[in-house]
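Here the chain labels run A, B, C and D in written order, and each chain numbers its own residues starting at 1.
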Amino acid sequence: MLLNQFLILGAVLFSVGVYGVLARRNGVMVLMSIELMLNAVNINLVVFGVQHGVVSGQVFALFVIAVAAAEVGVGLAIVLLLYRNRTSIDVEDFDLMRG
Amino acid sequence: MEALLAFSRPALDWHALAPELTLLAFGTLITVVDIIWDDRSKRAMPTLAGIGLLASLLPILTLAVDGSERTMFGGAYVVDDFSLVLKALFLISGYVVILMSVDYIRDGDYYENEYYTLMLTSLLGMVMMSSSRDLISVFVALELLSIPAYMLAAWRKGGARSNEAGLKYYLMGVFASAVMLYGMSLVYGLAGSTAFEAIAQELGSGESNPVAILGILFILIGFAFKVSAVPFHTWAPDTYEGAPTPVTAFLAVASKTAGMVALIQLVFVAFPGRDDVVQPFFWLIAALTMTIGNLIALRQNNIVRLLAYSGVAQGGFMLVPFAVAADAPARAIEAVVIYMAIYAFMNLGAFTVVLAVARKTRSGEIDSYGGLFQYAPGLAVAMTIFLAALAGIPPAGGWFAKFGLFRALLDAGGGWAAGLGVVVAVNTVIAFAYYARILVQMWFQSVPDGDERPIAIPGSLKAALAVTIIATMAFGVLPGLVGHFGEVSVLSALGG
Amino acid sequence: MWMLENAFLIPLIPAISFVVILFFGKRFIGADRVHVVGITALGLVWVLSAVAAFQWTQRVENPPPDAIVQVQHHGDDHGDDHGDDHGDDHGDDHAAASGHSGDGHGDGHGGGHSSPLIRPVISTFSDWWSNAGVTFAVGTFVDGQTVLLLMVVASISLLVHIYSTEYVKGDRRYVHYYAFLSLFTAAMLFFVMAQNIIQLIVGWELVGVCSFALIGHWWEEKPNTDAALKAFLTNRVGDVGLLVGMIVLWGTFKTFDIDVINTLISTNPGAHHFALLVAACCLMAAVASKSGQFPLHTWLPDAMAGPTPVSALIHAATMVVAGVYMIARLYPVFYEGFSIGTSSINLMAFIGGFTALIGAGLAFAQWDIKKVLAYSTVSQLGYMVMALGVGAWTAAIFHLFTHAFFKACLFLGAGSVSHAAHHTFDMRKMGGLRKDMPHTYRTFVISSLALAGIFPFAGFWSKDEILLGSLVGQENGYPLMLIFGCAVALMTAAYMTRVIWYTFHGEYRGHGHPHESPKVMTVPLWILAGMAVLAGAFNLPGPVLEPIGLEGLAHRIQTYAEPSVYLNGLGLSHPDPSLNMALVGLALALSGILITYLYYWRRLGLHGLTERNRYARRGYTILENKYYLDHLYNDVVVETVKRPLAKWANRFNQNVLDRTVNTAGETARDVGRWVYKWIDQGAIDGSVNAAARGADSSGEGLRSIQSGKVQNYGQLLFGAAAVLAIVFVIVV
Amino acid sequence: MEVTGFDTWVLSLAVFLPLVGALVIMLIPKVYETELKLVALGSSLVALVVGIYIAIQFDYGAAGDLQFVVDKGWIDVINSRYIVGLDGLSLPLLLLSLVVVPLCLIYSWNHIPDPGNPKAFFVLLLILSTGMNGSFVAQDMILFFVFFEIVLLPMYFLIGVWGGEDRRYASLKFFLYTLFGSALMIISFLALFFLSKDASGELLQTFDMRVLTDAAGVGIIKSTQVWIFAGLFMGFGIKVPMFPFHTWLPDAHTQAPTVGSVILAAVLLKLGTYGFVRIAIPFLPEGAIAWAPWIGLLAVIGIIYGALGCLAQKDMKRLIAFSSVAHMGFVMLGIATLTDFGINAAVFGMIAHGLITGMLFFVAGSVKERYHTLEISRLGGLLKSAPRMGWILGFASMASLGLPGLAGFWGEFPAILSAYNPGAGLSEELFRVYMVIAAIGTVLAAGYLLWLYQRTAFGEPTEEFAGHEIADVNRDEWIAWTPFLIGIVLFGVWPNLIFNVTDDVVSGITASVEAIAAGN
């Protein structure tokens, strides 16, 4: 099967996600990028699972999806909180504490 | 349909799971109680949470007495002495944190019940972490302990700093766990299984495979983030400063310990054969963490921030034994476990004093400690003991922790180990330089604002202080106590 | 022989009196009556010393069997005495020793009167200290040399105690004064009966401290304390030599016991020559500092800042001879080290002779009477050292003996003078005192004659032996030393005459009315003067006594005091008395007096010295038109003696030696300051602090990582991860 | 000697009684000042009595063996045990530390230095005392390490709280130096633990000093020994302190309160030299032989250097502090020779230096208290304004410059003497050069001490203080000082009191070193 292609897809997705996290300044976009990374992982897991012919990979993927949902929930809550207090979701603005 | 019904429940060892279940039960209980009588229940909450923790200690004791090693879910979840020791440690430190929180949370009129629920949930994650021997369970445990922690960090929802702390912790956390997951996926891909034993067999075999190295590194980095090792520590100071102080204590002790536990299992159970990657990696990380953490700490003026960096440096000390994981595994594990145990108490103690003092001075600046010895000699002496312990000066406990490191290093022997030993020695000195700044303020300076009214310390804080002081001194004078736990945990962790 | 075994009592008594005076003096005895304690103690000491001396003579005259070292069974005997100290090679001990001792008798002191070799009385008391399981005892070592010194110290110290009751009456620190006199006496006695070289060191240092304390007795005035410090520090410099030298001895013989060391050398001469040379040179430094030998003598004149009786006791009669005493005590070391037996010039002899010369020269340049006497002491000590250097052991000790008395007498006389003349020592403020203080005058003159070496005064005999010794030497003579000796003999007579002139003749140039000192001061003077006359009788050469049929009494000091038990082994020989040498010496002394006399009394003096009052009358007229007389006689005396030698010596002394000593201290301090400022605070401490600052600032720098921007954190995290990944993938 | 009944715990008693006293005091409220002072003095005195009992019971015939040994389990995990015991080497030092503390308490009875607070002051002194006593009797390396470290914090606070103007800097410096040293020391201890083998080549894996002494480093190859010794050298050398690690000492001494300086000089510095004699040399003979020339070199440098430092000082106390560097130089020279003479002299030197320099610091403290300055140029005429104190200062100076008949001499002379032919095949030429340099050091010692004395005691008081009434030695001072003065004279007159006790132990040590040296 096309193992390498899937892996490359995963890698590309992951990289895009990383870029998004590090470059985008909009908090929501950052969250989305993280989702991208997680999904890259999922692709890997599923593909490897298929390749090895074991189910555990897909199970792992399911866990990841579930956890990701929870994470994003918390993330959005925090972003909302910040927006309420600071009327901004630009992650660059939040540097009260440094040094 | 058939498939659905075909599901057969895996065999559960209820005794082994009792601690987790008890925690879970109390977590939900708190929520339920809160729903039933909301405001009237506030006072009961901390008590309830405390009882919950103590209650879940009981099965741990019975299990310890029983002593047999119990494995479940195809080796994904193991209850052995090692895990028991650490579960106990988590629960006790959690209990101390709750003692610290009571008045803080109440006075700040934040949500109380949710606070304790989350605290218990996070602890549940840690307790699970110490038993996980499988990528999936490790991952789940990690997230279970992290997600509530994100919320706790942002607890003061009105406070901009608290929000920011939460945000930073959250973003970095999930980013790190994403990286870690990617590593896990690669490792899984090579091993074809998520169980540690299997991974050990697959990856353990000699020749180096770039993908494997990448996977291992990413996983390790994920947890290096958790234990705030340089250069993955950046979130820690900001989060510690911004988060509510009890939460900071919780993060600095419990969640860091959890990360260490995960690392122990990964390094000694999952990647025992890969010392070519593991040892240099940790040598580098440990040296960096100690040194940079200490150096930056020299320049801090906010005590919480100073303790944060000191915590980073302490984490570096804890990472030292991993650098000789393969050469002296037994001593290494022992050293880490002992260090974690002692560190938990001395650091919690320090934070407790900070809380108590802050009740009067309402400030986190080091200068605000001026003349503490004059108006609150008790607190000053307590703080002195904790700082001495952190600096590793007998008879306060810390010396034995440091001793463990040196012991592991020299047992491994060789130039690299000795070199790291010297790095440790130098860092001990640097570390005392900034601990001394607090001592100087407390003992040598006069009170900045001449008010010398003694500090009223609420009972719960007194209790927390008592526990931590007694533990710290006991570990220092009779290190055998903690040493024993270190020993038993070694045997089981190495499958002995 | 009881006294000889229990000699430790002798130093013990003054030690006790020190404690009593210091701690109970003021309260229980009364500040003005403490001298009673001291004098009583010294009286006791004197009696005991006398007993010891008598018992020693008995031991020599009819020795108990165990005291004799049979020349024939020399080696074996020692074998018994000193156990395994040198258990080997008895055979050649035997031969060598007996041979030497044989000819030692042959040309020994005229009458061929042979004395058996008497072993000293050594008694040890307790385990003083111990090392490597070996314990080292403290004990006493009594032989003729010891008892001789005991007598000298006891007598003079006693007289000084008595004399001081008047001299320092009403002093602000009367108690301390007597306390330290006692302590000094104790230390000195302890030193002379030292059984091992450690004890030598101890006594040596203790007397030094007492001298420090007594020189600085009037410490309110800075000059006094400076003098005290100078004395102590100069002696410390010498003590380096002492320590090292003694250590070398220990390293060579692995024992501290003086008797063993001496025996080992004398029974096996020639062994470890080099080690002995090193030891001897080091010890010479110590001698130079303690006994005021060139070039470390400069402290001695300054030491005159102390009270005069102290100068008499410490800086003339006793402490300053400690060096000489040590050489005599460890004579085999020096004899072998400097190979005195074979050479015709050696370090010790030269230093001694040279010191004698410059000392005498300097005595001319002084106006302070005590300084004249101080330089005279330097010069006479040089004599003794020179004598030891040429192998004339007995002569040296004999001279030490006689010199102690007449020099003490001179100092006390000077003290009495200043007591009369308003506490000045400047001879220009004196003059014509002989009428006012006849006793002082007479005693002073007697001792001066003794010092000048005029027949039949004590100095004549001892100085004669020294000159004789350097003439004959051992295997070959010491011509240079002889020349030095003769020159000094002449100069000594000369400067003493000068002193007498300025002090007692002419007319009184001071103010006030001088008066004779009370009996308590003059009686000691007379006693000492008496000794200055008679002391010579203790070692008269045989020929002198033959006419009166007393040759049995000849060479008493040589017989009793000389440790032949060691010296014979070295083959030390004694020159036969020579009339010519005696005459030459006498002639030199007389001519010295004569020239000076001419210088001050004009040529009429040539008629002789018998009718005093006439020359006195001349004296006044001389003073009226002094100028052209000076001009006249400068050509004769000053140009030949004073200018060249004295002035040069003085300049050298003041500008070179003295300045070196002083500037040494200054430079040490400057070096100290420099090192402290630059090395200690600068380099060492600085580097440490710099490291600390470095840590601090690097911490500051690292803080910039913590930008507070979450995305920078992320970049750092992922960047680090990537870098690590790449590195490991490549490396591993 | 089999230990029975009371004797099994006398040592622990002597060690921990002061600590008990400290705990009791902590419970007494501040206001009962006299009571807590009494408790402090009482506990330290009882400890002293126990010490005297020990000294009486001590079997001097077997001074070479450990006596009153107690061997109980402590940290089984790392096989470290609670082993205490004392032999001829420990006994004098233990007594010294037992004697010094109560005297310091008495001295500070009525004048606690600013900012007062006798409670804390006495508590710290007592904790300090426990640490010092323990270090001298501990026979297990870990136990030794713990006691060795316990003294740090109390001294840190004594200097930092009750010290002079520059106290923060001084105290921190003192602490960091020592901490660094002891960190390296513990590394070396562990290396010994893991590497030591017994004669049959079995790994010992013990911290028991007795065992390691017997093992005498067999089975540890030379290069390793040298490295381990280096660690110990840092640990102990900084404590001594040896050039060039000495710079903490003058600051600490100058800033510390009087009794702080006294204890520092009298006991704390001895921990370092004691460590060399007790641990470094017997455990690692080959390392010792390899290091000896360098130690000797640093020692003689220290001698000259400390003296020069003294000559430069303008402050009396700082001068005395620098003189410590010189004196410890003699001690270290003695140790470096690896001979009985040398090491015996070193031990004697420790005691003598403790008494003499302690005495000098006492006087300096009292002078400071009366004149409110220690600037030498401003002092003067002490003999006139306070004769007795002047006398004591003179006496102590004389003792300090190594006057025979007083204690100082017996620390110096045999040390110099031992350098004439060093043991264990060390280069004679080299050490003879050291010997001469050291001997010259004695001259400088006389120089700075007498100059000090001349400038402070002799002459007339400076007009600044001419009018003032300067009180002479008072009762407390007499009580505190007399034992020192007696000790200085007693040991000076009859040195065997100490040599006799230490000799056996020292002979044992040197014997093993010689054996090793002969072996290769």
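Quick notes on this structure:
Everything below uses one rule, namely that a contact is a pair of C-beta atoms (placed from the backbone, for glycine too) under 8 Å apart; a residue touches a chain by one contact, two chains touch by 3 or more.
Just so it is clear, the model here is predicted, and its values are computed rather than measured.
Using the mean of the Cα atoms as each chain's centre, the chain most removed from chain B is C.
Across B-D and C-D, it is C-D that has more C-beta pairs touching. Here the chain at the heart of the structure, going by C-alpha means, is D.
With centres defined as mean CA coordinates, chain D is found 43 Å away from chain B.
A separation of 39 Å divides the Cα centre of chain C from that of chain D.
For this pair, chain B with chain C, the centres built from the Cα atoms lie 80 Å apart. With centres defined as mean CA coordinates, chain D is found 65 Å away from chain A. Annotation for chain A: residues touching 2 or more other chains are 21, 91, 94-99.
Residue positions of chain B with contacts to 2 or more other chains are 167-168, 171, 175, 179, 237-238, 299, 433. Multi-chain contact residues of chain D (touching two or more other chains): none found. The set of touching chain pairs reads A-B, A-C, B-C, B-D, C-D, using the touch definition from the header. Contact residues of chain A toward chain B in the complex are 7, 10, 14, 17, 21, 27, 30, 34, 37-38, 40-41, 44-45, 47-49, 51-52, 54, 56-57, 59-60, 63-64, 67, 70-71, 74-75, 77-79, 81-82, 85-86, 91, 94-99.
In the complex of the two chains, the chain B residues touching chain D come out as 334, 373, 377, 384, 388, 391, 393-395, 399-400, 402-403, 406-407, 409-411, 413, 418, 421-422, 424-426, 428-429, 432-433, 436, 439-440, 443-444, 478-480, 483-484, 486-487.
Residues 135-136, 139-140, 143, 147, 150-151, 154, 157-158, 160-161, 163-168, 170-171, 174-175, 178-179, 181-182, 184-186, 188-189, 192-194, 237-238, 241-242, 299 of chain B touch chain A in their complex. For chain C in complex with chain A, the residues that touch the partner chain are 703-704, 706-711, 714-715, 718.
The residues of chain A lying in touch with chain C in their complex are 18, 21-23, 25, 91-92, 94-99.
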